[in-house]
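Per-chain numbering from 1; labels A, B, C and D assigned in written order.
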């Protein structure tokens, strides 16, 4: 194909793509403007059965009880992300050494416990108010990242077994809870009546560790190891 | 401040989705495309949350909120994977160029055969 | 009357930043605009009474995604520089 | 085993195995073998329950739809689960030998298992789910796993293909999710069965939702003209991964399309929509077959053949939709799907064997490959027989039923499409076999192929070739939960 034909082709396809996007926009606008005027969705049942769910924050009730099965598969997506990224390449795990950088060290001494505490708080508060394993996991991810960036990566690299265990903990505990609940109540992820709060907290505690580590490790973009090895 | 008007957010969601979709198709750079996917995602999430805000009661519908939280995590995972793949692809292209410029045709040929597996 | 105006302004800004992030000239600027958009979207979640999402968006959606994009861009530029160095000095 | 345990095993066994194989990479292969056993027995149990007691529903968490998520197993779901278990099991046996023979590093060999098992999790979860948002999560899991596997040991072409595949897949998933949001906004439910009740009256929102969801799913199912991403991805992936992609992954999206158009949104299925699906299918058959005929390389030929064969699946839509007996075409299309899954996996595996032996897969370099790899050449021919549709293969049984449906409905244009497609398939299969069976003076030097790689391919090919014998059994299974009442009931 000649350069000019290529350009002509490019312009034609640009116009086509623009028309496609505009058509999509028109269709979507039409669709949302035709939605029924009043809408309660599933608010009624979701709030009505909140007392059976083990938590009082309705979003947490959906995530870890009514639709906990979605969340289990979501943790599978997280596992896949890290398994995929680690399969694709070695990461740029810093071999950092903080000797001689006292300021960074003292900053970390404050930041790490603070972030971890916030994560724990978010996990706990998630049962009654906005917050929960994912938001807490993000905090923990930030903490993990700071720790790794500050040279703990060397340590993590030596203990990849522990790191891997931490990464899969959430899925394993969640899947175990799904199976355990099936054994106790006859239905997958149906928690024993009255104990839902404990089960949810247990699942979330395991999940938050895996979420935090996964997010931190995603940032490093590859499996641990020396890049030039 | 009075309540937000969900219809505005629904329309903005549609607009963001269309903008992202357009850029995904026309932008060549991988980072732009990844951002375009994320913008499409934000559009969808706005739509979900605006739906949730249309309820008549005090509390918005928690089900779309939970779905958006799931969606956000999935988006981040996809982004992480896409960027890792992009790096791997760049490294592979770099290796290929190095092999070619090394002038060692033998190695380049061997490399080429591997690719067809 | 003030409510819809705030919403309109917020959404206009979000759309504008999204458009510029995706179609601007400079990539680094685009990534920064993308992150800024994410922060404004977190405000939108608050307006929609979705505090759970706001927390997650600020931390994950905008925060981690932004960090991922920035570090990817950094690595790409480094590779670009390395390649240019090599082609300048290597051939001969 | 109760229904609960069978369903739990189908999803949780591969999921737990995936997690464990990530934590303990050295035993990944054994975990996969354990998964084969667990999932295999669970599929058998679910099949028994469905055949004995009709459609099986499990309410996860004890909540029921619309608040909770329902899992549902009918004949169609069981068929898909069974195919997944068979192909997954064969890939589990084939891959270690394949990776070792291709001198992959121990690390590469270990890193296969976790994404593979997550792919399996996603497929099982997809086939069981009756909740459109849950289906979105399974679609994403499926897509990301598939992309990872394509890129796993890949060089540049594989990585490029994986990248394109990733973007298409993610955009398609978001289109689907957008539609899910619109549907929820209109009907306040995500459950397919409830949607079927509530969506009888359509409207602009439902139309747009159905369009964007279908658009995304058609792109994922690689229906012409959105097939462009498939040939490079399927041709450049490692052979066992190509087998998984062509036989299972694209069918996941097709499956959701069927669930939407014949159950959730059945009110929308107008004759025009049905004919449109059929027309795209017919175009896919012609375009894919022609490209397969012209492909210079074996794996590309097999990949284009997938584009064509996916077209047949969509012929099911116009022949099954609307008033009158739809079950003939329904069962025909789905038996064809099962046959194609086995045949295409067998074909990719045997193509992988020939490629491994010869060092490349240019079709003109395959001369005399039967001397070295008689079994693989035979498997290729046997699976080709099913693709062409010769008796007693499953491909024959499926096409025969589709043909009967087309004649019964007087839609002769699909008859012509079926016949032309079969002739073209025969042409591209024979083209390969002619080269393979050419007598050459001194066959080129070949690398040895581990025996397990040949026998697994042969097993699948034999299954595809003999599936015609199981056609009536399959129809009995597919009858359970099919969207038509049994023949002679309720119709005057």
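In this text, contacts are C-beta pairs under 8 Å (C-beta built on N, C-alpha and C of every residue); 3 or more make two chains touch, one makes a residue touch a chain.
Predicted model, so just to flag it, every value in this text is computed and none were measured.
A comparison of the A-C and B-C interfaces places the larger number of contacting C-beta pairs at B-C.
Once the centre of each chain is set as its mean CA position, subunit A and subunit C turn out to be 19 Å apart. Between subunit B and subunit C, the centres computed from C-alpha atoms are 12 Å apart. Separating the centre of subunit A from that of subunit B, both taken as means of CA atoms, is a distance of 15 Å. In this assembly, the C-alpha centroid of subunit A lies 29 Å from the C-alpha centroid of subunit D. In subunit A, 24, 28, 31-32, 35, 39-42, 46, 59, 66-67, 70, 74, 77, 80-81, 84, 88, 134, 215, 218-219, 221 are the positions where the chain touches two or more neighbouring chains simultaneously. In subunit C, 52, 56, 60, 64, 68, 72, 75 are the positions where the chain touches two or more neighbouring chains simultaneously. Across the assembly, subunit B contributes 15, 17, 19, 21, 47, 51-52, 54, 60, 63-65, 67, 69-70, 72-74, 76-78, 80-81, 83, 85-88 as residues in contact with two or more other chains.
Here the chains touching each other pair up as A-B, A-C, A-D, B-C, B-D. Per the touch definition, subunit C reaches subunit B in the complex via residues 2-4, 6-8, 11, 14-15, 18-19, 21-23, 27, 30-31, 34, 37-38, 41, 44-45, 47-50, 52-53, 56-57, 60-61, 64-65, 68-69, 72-73, 75-76, 79, 83, 90-91.
Those residues of subunit A lying in contact with subunit B across their complex are 14, 17-18, 20-22, 24-25, 28-29, 31-33, 35, 38-43, 46-47, 58-59, 61-63, 66-67, 70-71, 74, 77-78, 80-81, 84-85, 88-89, 134, 211, 215, 218-219, 221-222.
Per the touch definition, subunit B reaches subunit D in the complex via residues 17, 21, 24, 30, 33, 37, 40-41, 43-44, 47-48, 51, 54, 63-64, 67, 70-71, 74, 77-78, 81-82, 85-86, 88-89, 92-93, 96, 111, 113-117. Per the touch definition, subunit C reaches subunit A in the complex via residues 51-52, 54-56, 59-60, 63-64, 67-68, 71-72, 75.
Per the touch definition, subunit D reaches subunit B in the complex via residues 102, 133, 137, 140, 144, 147-148, 151, 153-160, 162-163, 166-167, 170-171, 174, 177-178, 181-182, 184-185, 236, 238-239, 297, 299, 355, 359-361.
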